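Consider the two complexes below, in which subunit A is the common component and subunit B and subunit C are the respective partners.
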Partner chain A sequence: MSQESTGSRRTYFIVYAALVALTVVTVLVSYVNLGLMNVVVALAIASVKASLVALFFMHLKSEDRLVWGFALVPLAFLALIIGGTLLDTMLR
Partner chain B sequence: MNGEPETGRGYLEERGWRSWAYTMDHKRIGVMYLCTTIAFFFIGGIFALLLRLELLSPQAKYFSDHAYNVFFTLHGAMMIFLFIIPAIPSGLGNFFIPMHIGARDVAFPRLNLASYWIFVAGFLVVIASLVSPMDTGWTFYTPYSAKTGAAVATLSFGIFLIGMSSILTGLNFIVTIHMMRAPGMTWHRMPLFLWGMYATSIIQVIATPVVGVTFLLLAMERIFGVAFFDPSKGGDPVLFQHFFWFYSHPVVYVMILPAMGIISEVIPVFSRKPIFGYKAIAYSSLAIAFLGFLVWGHHMFTSGMSPLANAFFSFLTFFVAVPTAVKVFNWIATLYKGSITFEAPMLYALTFIFLFAVGGLTGPFLGALATDVQLHDTYFVVAHFHYTMMGGTVMGFFAGLHYWFPKMTGKMLNEKVARIAWALVFLGFNVTFFTMFITGFEGMPRRYAEYLPRYHVENVISSIGSAILAVGILVMFWNFLQGIRKGPPAPGNPWRALTLEWQTSSPPITENFPEIPVVTDWPYGYGEPKGRTA
Partner chain C sequence: MTGHVEERTDPRVAFEAAKLGVWAFLATEVLLFGALFTAYTVFRIQYPQLFYEQHLKLNRILGTVNTLVLISSSLLVALGVNAIRRGKTRFMVICYGATVLLGAVFLCVKYVEWTEEFHKGLYPGTNIFFSLYFMMTGLHGIHVLAGMCVLAYVAVLAHRGRFSESYYTPVELSGLYWHFVDLVWIYLLPLLYLIG
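Showing the complex of A and B:
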C-alpha cells in the first residue's frame, strides 16, 4: 500500500497526540462525579479513540465499501449485546 | 497460490508426517481437522454411554455423583467445542470451499495451518484440565464456576484457544469466498453449501470473541477476585449468562448452517432435480445467522431476567422458525416428483429433514414463556437439543462424509454396510432421544445421577437405544476404514453431480484442478439446458 493511501507520517503523529490527549481527558473526567454519565463519557471517548485507530492506523479511511461494511456491521452487534443486556439489568 | 501447477499428483501421494504437519494444502488440513474432531466425537460418545450406563438404575450404582457431573460436563464440552463446532466448517469446509469456488486453495493457506495448530494447542490445554476435571456442565454458569475447585480457568483457556482457531478459519473462509471465486462463479452460481459456510463464518467471526472475553472475565474473577459475576461484591451472575448465550446461541447456527448446506447439495443430486428456491435457501442462511443473534435470552427465562426482556426474547425467538422452514419446504419441494435414489448420503439427508423437523417443532415449546417454565432443565431440553444437533447437524455431517468419501479418499464405500449402519443409527437415535421427550414432559430434571423410580422404564429404553446407536456408529466407521483400505477405486464423479469438486479426479490433485475452471452455469441444472442461473 502506498504512502499516499495510508496517510503521511505527520498525520500519524497528530493522531497519536490526539489519542494521548483523549487518554488524559478520560483520566481527568474520572475525577468528576457525573453519576451515570461517567460511564457514558468514558465510553464516548473510548469510541472516538477506537475510531481514530481504525481510520488512520488500520487504514480504514482509504478502504472500499466492502471493508467498511465488515468494520461497521459488528458495531451493530455490539449495540445489540449492550441493548439486550440493559433491557434486563435496567428493568429487572 | 502462485502460478499454474507443474504436476498433477494426487493430494494424498506425498508421504511422511512432515508432509501433513507442515502442509498448507486446504484438503490435507481439512482431513487433519476431520480426524481430530472425529476422535473427540468418539471420546465424547464414550462419556455419553457412561451416563446412559449410570441411568440404567434410579440409584447411583457405578459412579459417584461427582464423577457423573464430570462425565456430562466433558461429554458436552467435548462434543460442542471439539467436535460439532469445528467438524463441518473446519473439516469438510476446508476441504470443499476452495473446490466449490474453483480455487486452488483458501486465501490464507499459512493462516489456515496456524488455525489447525492453535486448535491442537487448545485441545491439549482442555486435556490438561482433566487433572481436576470440570463439573459445571458445558455452560460454565456462575456463581458455581467461579467457586468450584475444578480447573475452570484451564478448561476455559483451552476453549479460548479453540475459539481463536475458529475465528481465523471463519475469517479465511469469508475472504476466500469474496476474493477467490473462479471466473464466472457469481454469487448466485455458488453451491448452497458455500452460502451456509459464508453465514457460518460471519457468526464465527462476530460471536466467538464474546465467549473469549466472557471466559477471560471468569478467569479474572477466579484468579484475581475481580467480582464481575459475584453478587456479594456488586457483580451479577445473570450477566454471565447474557454473555455466554450471546455466543452460544448463535453458535448453534455455526453447527447447523453448514449441515443445512450439505443437505442442499445432497438432495438435488439424489433427486436428479434442480434445487427448488435457490435464492430463498441462500438468503435464509443469512437470515438465520442474523436472527440467531437476537434470541439468546430464551435460554434464560427462569434465571430471574426482567419480565420485559423475557417477553422480548420469547417474541423474537419465533422468527427463527421462518427462514428455517423456508429451507425445509424448499428441500421437500425439490424432492417432489424427483427421480429419488436412496444411497447412503440421501438416507442421511432425509433423516436430517425428519429429525430436524422434530427438533425444530419442539423448539416453540421452549421458546414460549409459559411452557418453558415447566420444561426448563428437564429431559425435554436434552431431547430437543439432541434432535436438532445430533439429528440435524451430525446427520448432516454423516451425509457429507458419505457423499464426499469417494472424493476425499478415491475409494467407494460398501453401500450395503452403509445402509445397515444408517438403519441402526436411525433406530438407536429415536429410541434414545424420543423417549427423553416423554421423561422430560413428565418432569424428570437433567444433570442428576439419580432419579425417581417412576422414570425407570423410560431410562432403560433410552439406554438400550444409546447402545443401538453406538453399534450403528461403530459399523459406519468400520465401513469407512474398510473403504479406505479395500474399497474399489472411485471414479471422478460417481454421483453424476454438477458442482465443481466432482469435475476433477478422485482424490483431487494437489492443485485441485488442472486448469482453473470457467463457470457458465449454476450447479443444480439437473435435466435442464445449460446456461441458466438461479
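Showing the complex of A and C:
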C-alpha cells in the first residue's frame, strides 16, 4: 500500500519548483568562472535534481529494497566502469 | 498451463513484477548511456582545453529551454499517474497528450540547434567534443522519440477506457521510462552545455 503514500499533487509541484530553480541556478553559475569548482557545482546540482526526479516522480521514496537495488546497482557498475577505465587511461 | 497461472496471479504481484521488469530495463539503459559518459570523462580529462573551447559554441539558452521543457513534461507525467490512480482518466489523457507535445517541442528545439551547428560547420567528425555531443544528444533524442510513441499509445488506450484506479500498470510504467529520459538530460545539460 505504498502507492498512496507518495505522490500528492502538492509534493509534485514543490519538486517541480525546486527542479526549475536548480536549473536556473546551475545555468547562472556556469557564467561565473570558478575554475574546477564549476564542474563540482554543476555535477552536484545535477545529482540533486536527478535524486528529486527518482525519489518523487519515480516514487523511489516509497519503494521497497528490491527496487532500490535495481536502481542503485547499475549506478555502482557505472562507477566501476568509469573508475576502471580511468585507471587504465590515466596510468598508461 | 500459463493461463492457469495467470488466473491465480494476484494483480498486485503482477504489478510489482512488471515494475521490476522496467527497472531492470532502465538498468541496461544506464549502462548504454554509461558507455558514452565514460568516453566523455576519459576525453575530457585528456583534452580539457579543447572541451572548454568547443562547448562555448553550443547554444546554452536553447539547452536550458529544453531542460525546462523536459522537467515540465515529467511533472505532467507524474500528475497523469496521480490522476489515473484516482480514476480520473480524462485528466490523465490530457497530461500524457501534453507530454507528447512537449516531447515534440524538445525535438524541434534540438533540430534548430543541430541545424545551427551544421551551418557553423560543426559536424560529428569535427572533433572529439562534437562527436560526443552529437552521439549523446542523438541517442537521447531517439529515446525521446520512443518515449513519445509509448506515451501516445498509452494515452490512446486510456482514452478507450482500458485503465482505471484498479488497473493502470502501463500508465505508471511508461511514466517511469519518460522520467528516465528526463534524468539523462539532467546530466547532459551540465556536461555538454555548461562545463564542456
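Throughout what follows, the second predicted complex is superposed on the first by the 82 of 92 C-alpha atoms of A that agree within 3 Å, B and C clash if a C-alpha of one lies under 4 Å from a C-alpha of the other, contacts with A are read in each partner's own complex, and residues count from 1 in each chain.
Operating definition for what follows: a residue touches a chain if its C-beta (ideal position, glycine included) is under 8 Å from a C-beta of that chain, and two chains touch if they have at least 3 such contacts.
Bear in mind the structure is a predicted one, so any value in this text is a computation, not a measurement.
Chemist: Any idea whether subunit B or subunit C touches more of subunit A?
Modeler: Larger number of subunit A residues touched: C.
Chemist: So in the superposed three-chain picture, is A:45 touching just subunit B, just subunit C, both, or none of them (first/second/both/neither)?
Modeler: After superposing on A, A:45 lies in contact with subunit C but is clear of subunit B.
Chemist: Touching A:89 in the superposition: subunit B (first), subunit C (second), both, neither?
Modeler: So A:89 meets both subunit B and subunit C here.
Chemist: Output check: A:33 vs subunit B and subunit C. Expected answer is one of first, second, both, neither. What do you get?
Modeler: Neither partner.
Chemist: According to the stated criteria, A:54 is in contact with first (subunit B), second (subunit C), both, or neither; which is it?
Modeler: second
Chemist: A:71 in the overlay: touching subunit B, subunit C, both, or neither? Say first, second, both or neither.
Modeler: Only subunit C; A:71 stays clear of subunit B.
Chemist: Touching A:9, do we find subunit B (first), subunit C (second), both, or neither?
Modeler: second
Chemist: Which subunit A residues lie in the overlap of the subunit B contact set and the subunit C contact set?
Modeler: Residues common to the subunit A contacts of subunit C and of subunit B are 66, 70, 73-74, 77, 81, 85, 89-90, listed in rising order.
Chemist: Residues of subunit A touching subunit C in their complex?
Modeler: 3-4, 7-9, 12-13, 15-16, 19-20, 23, 26-27, 30, 38-39, 42-43, 45-46, 49-50, 53-54, 56-58, 66-67, 70-71, 73-75, 77-78, 81-82, 85-86, 89-90
Chemist: In their shared complex, at which residues does subunit A touch subunit B?
Modeler: Interface residues on subunit A, with respect to subunit B: 66, 70, 73-74, 77, 80-81, 84-85, 87-92.
Chemist: In the complex formed with subunit A, which residues of subunit C make contact?
Modeler: 19-20, 23-24, 26-28, 30-31, 34-35, 37-38, 41-42, 45-46, 60, 64, 67-68, 71-72, 74-75, 77-79, 81-82, 85, 176, 179-180, 182-183, 186-187, 189-191, 193-195
Chemist: Which subunit B residues qualify as touching subunit A in the complex?
Modeler: 174, 178, 206-207, 210, 236, 238-239, 242-243, 246, 293-294, 296-297, 304-309, 312-313
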